[in-house]
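Letters A, B and C name the chains as they come in the text, with residue numbers starting at 1 for each one.
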């Protein structure tokens, strides 16, 4: 999707990890690395986006994602406005009219979450030159900053992607997170990406995604270095695709013992918030293999990285606020 | 209304455009002009109100107006607090008690929207010396910053007011925007201000407003330089004042062809959000005559201007944040 | 409760006034004194917490308390995030998981309001070293910053605590404010602390609180220097503890004439928002004895003091932002 790149192939928007030049994927991770040091300090602010305006435009509520984007923007010294849109009460105004109005306020960046796939791209196609759009989740389509914070976390813990076997377990079909992860990990050259799910939770185009498909958890986890449990989002399910939570846990819930076939040093990830005893056992989620909270921390550095890249600001000019 | 002026005739609050000294109206526009350059830059912040606290106090929800006031305050480096008051759950506390409590927090400025006419003036009469009150819309009474951003947009596009014929079309009766526009444009010396509406949508005091009244759209638009369509606010209408939206559009909806009698270079304005196909045809709203999005952009500079004026801060001391 | 202190006895969290070293109570007041000068200036900001992140985590809605904490943080130049948690929709996630996730975002401080007693302490026991927790009200248990702003207000108006008789009137049983006040005033060496209430509104452990108990208002107010009316929180009452508001006012509502037995220069306080004609007569609330609005103003300085103390920042290094 070329709309997210400019003529020189630089990132102008961040809409999807699909088809993105692997060098850009690596550059996001490297830039995030430079910010992750800032986050640990007591003064966490850098003035890279001082005087810039970021509008968080959330058509779906999400405290967690909104908060990390807001934190990332504030740590870059940007001004942040939160605009929560109740789609049930704004039928009168088209998405395009809203976009044009917000853009007329001369924001520099929109962070958009919407329950319709393609909403962020629609914004990106219609904003003025110089205004950036970040996709914070659109329908079942993509959640690219989540995928990149996962990739960042994997690289930190397990090193180069070429050697790695990564398994994603759960409702692949309705997961924008899984879709963005698959494209990111493949783009970064992962040795093998597997999806583990019952057939009812696999997308119809699974054969074209470049993944190994497993229905059986133990077989799917064999020798993997990274296991990612997806959140079971019951509200996304249409019809009776699953017999129930306990049944799901019995077949696909992660436990320490079911990881017996994985690499002994395999790490366990989850995009959060976790449903304990549904996708993952509490002991495993809180145990030494789990890097779930690292993912949250890394999310801020990765979002700072993307925010500076789409505005063409060089993170190597970062200085702390005196 | 002298409460908005101090002994030297300077603006202390901004409550209404009615009866305001034309030199103050012009000064607001001139000050906004100096800020409109700042807005276009990548660093949009000036430190004029650093360390000052602005409280947005919204008793009616309004994302658009709240957002532009918040942006204006942040671009002046003020600290901004948003306080949304659900009037259905705060019956126990009087407006005056709320005012006194918020004032005790030592805010420097209140931006108030309320569904009761006179609410902003009530606040202004009761705040301590040195605290400023801006009216962001009170009942059917006034919306003075909207009127001034409209005046600013007109001056930029059409030059001196003395030569101009301006027509306001729609529900004049229930429109605080129209009321504030009429007083502002007359104060600024507009050649002629017209209102175009069915009799049911005219205010009872229309004869005293200094406007030409037209029931017929084509006659009313003859030779005008500026056409302002008002938003049809169905929730404001009490009883069956109008036969329906399509009927309204047939008689008062603006289209390119109905502007045939206007000046060939007439501009078209709307306070937003527009109801396409009700007050205005999409082709006209998106066409070359339309300055609707300019109005949004100008709203920030005008609000910055008013905010600095009521606090007695000179915009000519503006320096960018290093 | 030692969790709020570090090994050297310094304040790490602020959870309760109960059992706190009197020197720490005094130090909070003295530190607040140094900030109260800043608040009166036109530039109210000091850079003491620049680059730090404060998360306001409110499980109960409270515009007033949230606003003053937000103002205090902003005046210290911290970045503030407001997270309102609707407890009815977050059943799926445990408090501990939420805490861990928010902490992974590397906030420096959590300001927590929760309807469960002990929620703030629970947070404090589980956060990482270096992260501070402020209790903004937990169930019926404690509201320590409210108690300290009351103590600050009393010290300013009435001088040393040793000489003072202080009476707290109303629903002591369900009041976290009263509980924190009693511990703070006794810790600060108050001459006498009285509670005045019907037996149904006294806590079962009242005998161990170090207070004089009165059922009769006039007897209880005899010779007091400070009278504190509590807000009648009907939503907290379980069952028919009270015959009605007018009955309550007849027996326990404060009026100028019922203060006849108090010291002639006694001051009147209320944590707000007041129910006029229920706990307190309007003439008294708005009269010269009332320091109710001073309490609001002082709340900001007191919260600034606590915020700097728990992060180990010295207020004597305060410089204004240039």
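The rule is short, and it goes like this: a contact is a pair of C-beta atoms (placed from the backbone, for glycine too) under 8 Å apart; a residue touches a chain by one contact, two chains touch by 3 or more.
Note that this is a predicted model, so its numbers are computed, not measured.
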{"item": "Same or different residue numbers at the chain A/chain C copy interface, by half rule", "value": "different"}
{"item": "Rotation in the CA alignment of chain A with chain B, degrees, nearest 5", "value": "120"}
{"item": "Centre-of-Cα separation between chain C and chain A, whole angstrom", "value": "41"}
{"item": "In chain C, residues with contacts to at least two other chains", "value": "none"}
{"item": "Complex interface listing, chain B residues touching chain A", "value": "39-45, 63-64, 67-68, 70-71, 74-75, 272-276, 293-297, 299-300, 320-321"}
{"item": "Residues of chain A that touch chain B when the two form their complex", "value": "50-53, 79, 81, 83, 85, 92-94, 97-98, 100-106, 108"}
